[in-house]
């Protein structure tokens, strides 16, 4: 079950970074959605290594193939199986990983849990696993857009100390895609790129914040109690590699306000119940209130650095390990499509759940 | 499904703040655990209103009754049904709530979702719902302690701008329970209490941070990919009323470090693989690494304030609403047992899942 | 999870025959269904012991109480908790059960599984567990009738060698309820009753077949592959105490026909696609085709008989055991409401699942 | 969810008979099981068309490829993705199926449910879907054999009126595989083969019964209430294409006995609690009792026959349809590995569930 996500629009991902490939099965997609590989590939291109000078240089094309669930260009309502073949299997580049646990990676914990691990390229813990999520998320985004009028976006909000000013109500996809760091404030984007390049040259890495937005969600999606919309979004984001935190609306910053300062007053506007402010982040009591949903995800600096570090080997002896070969100084630009994908997966699942229980 | 949590140790809560009562069914508890109401009641007493001068003054005893699953003082392996009867049904105190949506509460979103709501005392959105969680969590804590040697604790780390210094490795339960705000740093606890009392007198409210800790978790609990331990903890915490954020280990603060600064070096210590620092917060790649797990949960200031606020009524007209009657100036002291309960529920579920897949 | 049933209309039952009581939590019921205890009680009265001279004489009133999920006579969309208090706790009547395993009961297997069992009245294996199912099923039947135009019925088709002729397309509820054995063919019902009375006097028991029918199910409910409608119905029926078999449509009898004889030809009728025969039992490829759904459930003779039988005691020594006290010579009349309940639970779940995936 | 089966050892199948291929993802397999394609292929060869003169002549090799979850010949504990490429895409042979609903197939119900269907070769309703089940089942059988000492077998018990005498306690795999109909009674097997050949020549088809057996299951597997072992086995079998009925132990035949005749007396034997007879079929109260588990599955005659039949077209007009091309006169020989696979999947899931809740 650990490799499935969602209740009604359920995805199951599979695959190690080395082996036959990586993929996903999407179960529960509504029928008669127009769908082709061309709908999926652009998000995979935004996710893949080697897309710009500030991300890991692995040269993979990550061409997706749809194996089932489509007929004459439309979804059948049956499972959609998609996969990407593994190409770049330079396992020798990683051979030291066979006998040493990389610090702040999952090498040790996998070995402790399973008593075996595929040490090549991180195996299942590789960011390649997110290919399946992003492919499934592209379908979810299309469904949300075409059937529910919902738009999902994400962008880099912060790199280390560099914080961009972005209005989640108005930011546009093309502004995000206008630069390689995927920060829609051009001047700050330039600074972020320079910082990341410095880190790359230094063999070091930086983290930051990706902000996610969903606009057009109608009031009523989400559930009370455990499957609150923010709880499911939080789980989705905290399941992404390298994520360490999540907050929504006013989030951690809202702590500094008092209740009177923090509350979102209701007012009628164009015949709709609206809130004057949106510190709730579009969700109240676990259920969408019609305002834009926005939240932040903290990503730690990438663990692989090009310097010698203390560690332990598989024989349980102290040793050192120095990162070699490819180096990803900042995961954030590639995390943007991952955040969008997981957001869309949560929302489309709740859209279907709402229709099941409260539909006519 | 929205009212169930957990895969193998699964709880289902039920009940509105007004109606017959609130309760929980625990399915999947291992057999032959010694269990009685006396194991449950103390945590409910820590959760209940009226326990001190800084929490909401509702006078409820919240006496738990176990209805099934126990025989001759031990668990049977069958569902454990527990409930608390509702007593304090002063629905007249809330009558204005029948026709007006309280700002930053879930009144409007429930109405939008279901087309009906129990407006008395917040209905299902009432914090009374957490009685079931805390009761189930008490069982989970006992299982963790007696069968797995794991200790779960939580405490108030921050109230508005007041931040306590607490060492999650060494803090003790009795230090937490030594004062009514449940902050184990006595001097800071005093300041917090004074702040909360000021808020109560002002008819306003404050939020803050509860930190949760689990010590003694062995390496190997948790899952890769979607059901990462931090993802399930995050979902658990973000499902608590009034929570707005979650981060683990270095969390949002870890963003300011570079990869070299942030990584946790491995070293052998007393024959065990240990990390020199614990910025990972005890979890790497979704799986526990044997270090202490610690994380923070942000709670917004309570939405009910004793002042007039703009809002909308059920006829969709602009109006105002002033909180009356009871007033909870700070949810944090009562959130402490809730955070402990949810932490324990996540951990025991993963303990059983680990045993299922990787046990001998 | 073992105590939950359904994906979207999910019930969780709890309770032993001796202890506080037995109950059920219904999660996922659509909002705004008119519902009161008076909608539930009649089916519980059909299920309860002591209702006639041919069933077990336990005198229980089984008065249901709804504890949550209802407001001003309508469902809220939140969990509906219902329970029945245990009254008839004559545990001394069963004391021999503490040390001996009753043949063809679950005493031994529970002990083997859990290392503990509540031996009083069978504990969790008691037919009292079905109170929760029947209560939840009454809600499901009401939903099916009022929102989907579907009628669910069951009746006794066979007692030992006595087989009734019943047309599942036309049989009426009042014909079923016209006699205490719940067989709608009056002459055969008389014979069945006489047979059961003979068994009661002989201290022995008989089994038979309950046939279930659902009329008005629209084409399209059900799923391909694993959650076929007949697979979920089969699981539901085989989860009932004492059931040993299930078949649908032509069932085991269809084996004797060839493909040409067995196929259901399609013909247009009143503008609808209909089948000329209905050997498919209303389901093709796991999905309803608009014809009546009908199936049979085999119930073994009740295991408790008033004669000495070989068995083993809890110290693993050969011994004998003679049934005492109450004696249920035939479970079939009381199984009728159970079959109806489980049928309705399966159908309403699939109705919601269909709406989620294929609704507009 | 409809395409997943199992709670802890969960499989998800995907694929249409025409399209990229068919496959399965196995999630939850324990780590460090030796596994290679050679462990899977034999069962696929027993399942595939064209294996003998009495089954459908489609010439497919069905060569399985493992894409993930294995490293250096052992399972990793991560998802095992397996697939078989579709080769025999002679869609023109089926062109009439585009516009006409085949009687007693799922063409109409899929169209009614989804508003779209892949009419080529039956699409998702094709028996090709069972490739994924059989591949996953081969892993489950290996786990059961090597880790739990459990053997799973199935064989053809009955073809139309021809009933074999087989002792489920002693039947051997090589006796089953000794002939093409997979009936371990040689003389009856010959009669069955002749009957099926007559049917093939007549362009007609026959059904029958496959009996499944599990030997060596320890006492304690299974769950009370909904997930009874027989309920999960029943669901598993009724999810197989063309199955119409399931019974276990004495099954439908047990109805003719009285309780005194039917009960299985307990006796100590070699220090173990055993039953003198096994009318319970190895399961009591939903939980295994240590005796052999055996049950029967009724399969209807294959719907495709080589004669003209009344039907309706996609424009809702009466018409006729005559089967062409390949013809499968009897599904039973190929159903044998399917029954084994589903049995093993149910048992291994319950083995893991039992370990989770009741393990030490």
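Letters A, B, C and D mark the chains as written, and numbering starts fresh at 1 in each.
Everything below uses one rule, namely that a contact is a pair of C-beta atoms (placed from the backbone, for glycine too) under 8 Å apart; a residue touches a chain by one contact, two chains touch by 3 or more.
Given the structure is predicted, the values throughout are model-derived calculations rather than measurements.
Student: Is the number of contacting C-beta pairs greater for A-C or for A-D?
Tutor: A-D
Student: Counting only C-alpha atoms to place each centre, which chain is farthest from subunit A?
Tutor: C
Student: In terms of residue numbering, is the interface formed by subunit B and subunit C classified as same (over half shared) or different (under half shared)?
Tutor: Mostly the same residues form this interface, as more than half of the numbers used are common to both chains.
Student: Where the CA atoms of subunit C average out and where those of subunit D average out, how many Å apart are those spots?
Tutor: Here subunit C and subunit D have centroids separated by 26 Å.
Student: Would you mind pulling out the distance in Å between where the CA atoms of subunit A average out and where those of subunit D do?
Tutor: 39
Student: Measuring centre to centre with CA averages, how many angstrom lie between subunit A and subunit C?
Tutor: 46
Student: Where in subunit D do residues touch two or more of the other chains?
Tutor: Residues 1-4, 7-8, 13, 28, 31, 77-78, 113-115, 124, 224, 353, 358 of subunit D touch two or more partner chains.
Student: In the complex of these two chains, what residues of subunit C are touching subunit B?
Tutor: Per the touch definition, subunit C meets subunit B at residues 1-4, 7-8, 10, 12-16, 19-23, 25, 27-28, 31-32, 65-71, 74-81, 83, 113-118, 123-124.
Student: Taking the complex as given, what residues does subunit C use to touch subunit D?
Tutor: It comes out as residues 1-5, 7, 13, 101, 103-106, 108-110, 112-115, 124-125, 129, 158, 160-161, 199, 204-209, 219-228, 230-239, 241, 243-252, 254-268, 271, 273, 275-276, 279-281, 283-290, 298-305, 307, 309-312, 316-318, 353-354, 358.
Student: Touching subunit A in the complex: which residues of subunit C?
Tutor: Contacts found on subunit C: 7-8, 28, 30-31, 77-78, 224, 352-353, 355-359.
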